[in-house]
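Below is one structure, written out as structure tokens; comments come after it.
Labels A, B, C, D, E and F are assigned to the chains in the order they are written; within every chain, residues are numbered from 1.
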Amino acid sequence: MPFVHIELVAGRTVEQKINLVKEVTEAVVKNTDAPSEKVHVILNEMQPENYAVNGELLSQK
Amino acid sequence: MPFVHIELVAGRTVEQKINLVKEVTEAVVKNTDAPSEKVHVILNEMQPENYAVNGELLSQK
Amino acid sequence: MPFVHIELVAGRTVEQKINLVKEVTEAVVKNTDAPSEKVHVILNEMQPENYAVNGELLSQK
Amino acid sequence: MPFVHIELVAGRTVEQKINLVKEVTEAVVKNTDAPSEKVHVILNEMQPENYAVNGELLSQK
Amino acid sequence: MPFVHIELVAGRTVEQKINLVKEVTEAVVKNTDAPSEKVHVILNEMQPENYAVNGELLSQK
Amino acid sequence: MPFVHIELVAGRTVEQKINLVKEVTEAVVKNTDAPSEKVHVILNEMQPENYAVNGELLSQK
């Protein structure tokens, strides 16, 4: 613990994910004093058909 | 914000999803005074093999 | 099931909450064919000190 | 209600899932007095490419 | 990992919680082969005013 | 969107939270190309009595 859940639309490359979890973990460690090996990051990738803002699915836009 | 996460068993049509997010957004706007463009809706579709009630997976029924 | 989680900043009245869960439930029932008694709605109220957008806590604004 | 969400790396067999939800439900019923038919369990299976600990994706290890 | 989130209405005793997390952890370890020290359980206690089923808040009943 | 939920044990100062959300937002913007004003961060503070690892509540330790 801490646990970080990041929801984002599907489509990032593995390389982007590698850098994302690395730098988010660093930010959490630096500002919470939690040891790095206790920081868990979970990426939830959303499909455009399953995410809406302003009443419209991303896939409708 | 507000953020709305809706978990439901997979299988609805895109048209059902379009109407679902539209009407849920309207209900949230009407009752929270949040502007529509700030209401986010995320659909999490569950497989029958990953949802259980009363100790049994849906796929067991 | 379906399960609906709504995250919003704390401060709505009980009456707003009563109407919110009623109308969100109606929208879910109408568009997913789920029976009303199986629709669960959970409100997660966030404190301004625990919600940030654009890198700033709401309590900083 | 209660609702139980279990996040785990993808790869368990259906049989493991059947026993998992059965025994978790039993533990919840026994210790919360909730009736079994009101206990919902949702399994969220994570891909190694979407879960990181200590700043590294599982798929990097 | 695995991570277990349990949402339930507030009001259980500390003793109930102690037994709940112990037995849920045992069920997860037994059925996923995850080591016990890697199983995290988070309890989210809901107020009756923030949980609704069948379109009605628990506090309305 | 993206949405970031960070669960951590209660007790950080407001200043720690200010820096945490700022730096996590920066890491997300840099690695997902999402505009900063679209990145939402939600902090869920857990009480020691509601978080367990290895079958024991933090409050038991």
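Assume a residue touches a chain if its C-beta (ideal position, glycine included) is under 8 Å from a C-beta of that chain, and two chains touch if they have at least 3 such contacts.
Keep in mind it's a predicted model, so treat the numbers as computed, not measured.
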Quick one: superpose chain B on chain C by CA and send over the rotation angle as a multiple of 5°. 180
Please work out the Cα centroid separation of chain A and chain F, and write it as a whole number of Å. 12
Based only on mean CA positions, could you tell me how far chain C sits from chain D in angstrom? 24
Whole-Å gap separating chain C and chain F, where each centre is the average of the chain's CA atoms: 20
Which residues does chain E have that touch at least 2 chains other than itself? 1, 3, 7, 26, 40, 42, 46, 51, 53
Taking touching chains as linked, do they make an open path (line), a single closed cycle (ring), a hub with spokes (star), an all-linked set (complete), or other? other
Where do chains touch, given as pairs? A-B, A-D, A-E, A-F, B-C, B-D, B-F, C-D, C-E, C-F, D-E, E-F
In the complex of these two chains, what residues of chain D are touching chain E? 1-9, 12, 16, 19-20, 23-24, 26-28, 30-32, 34, 46, 51, 53
Chain C-facing residues of chain E, complex: 7, 46, 49-57, 59-60
Quick one: which bits of chain E touch chain A in the complex? Just the residue numbers, please. 1, 3, 40, 42
Complex interface listing, chain E residues touching chain F: 14, 17-18, 21-22, 25-26, 36-37, 39-45
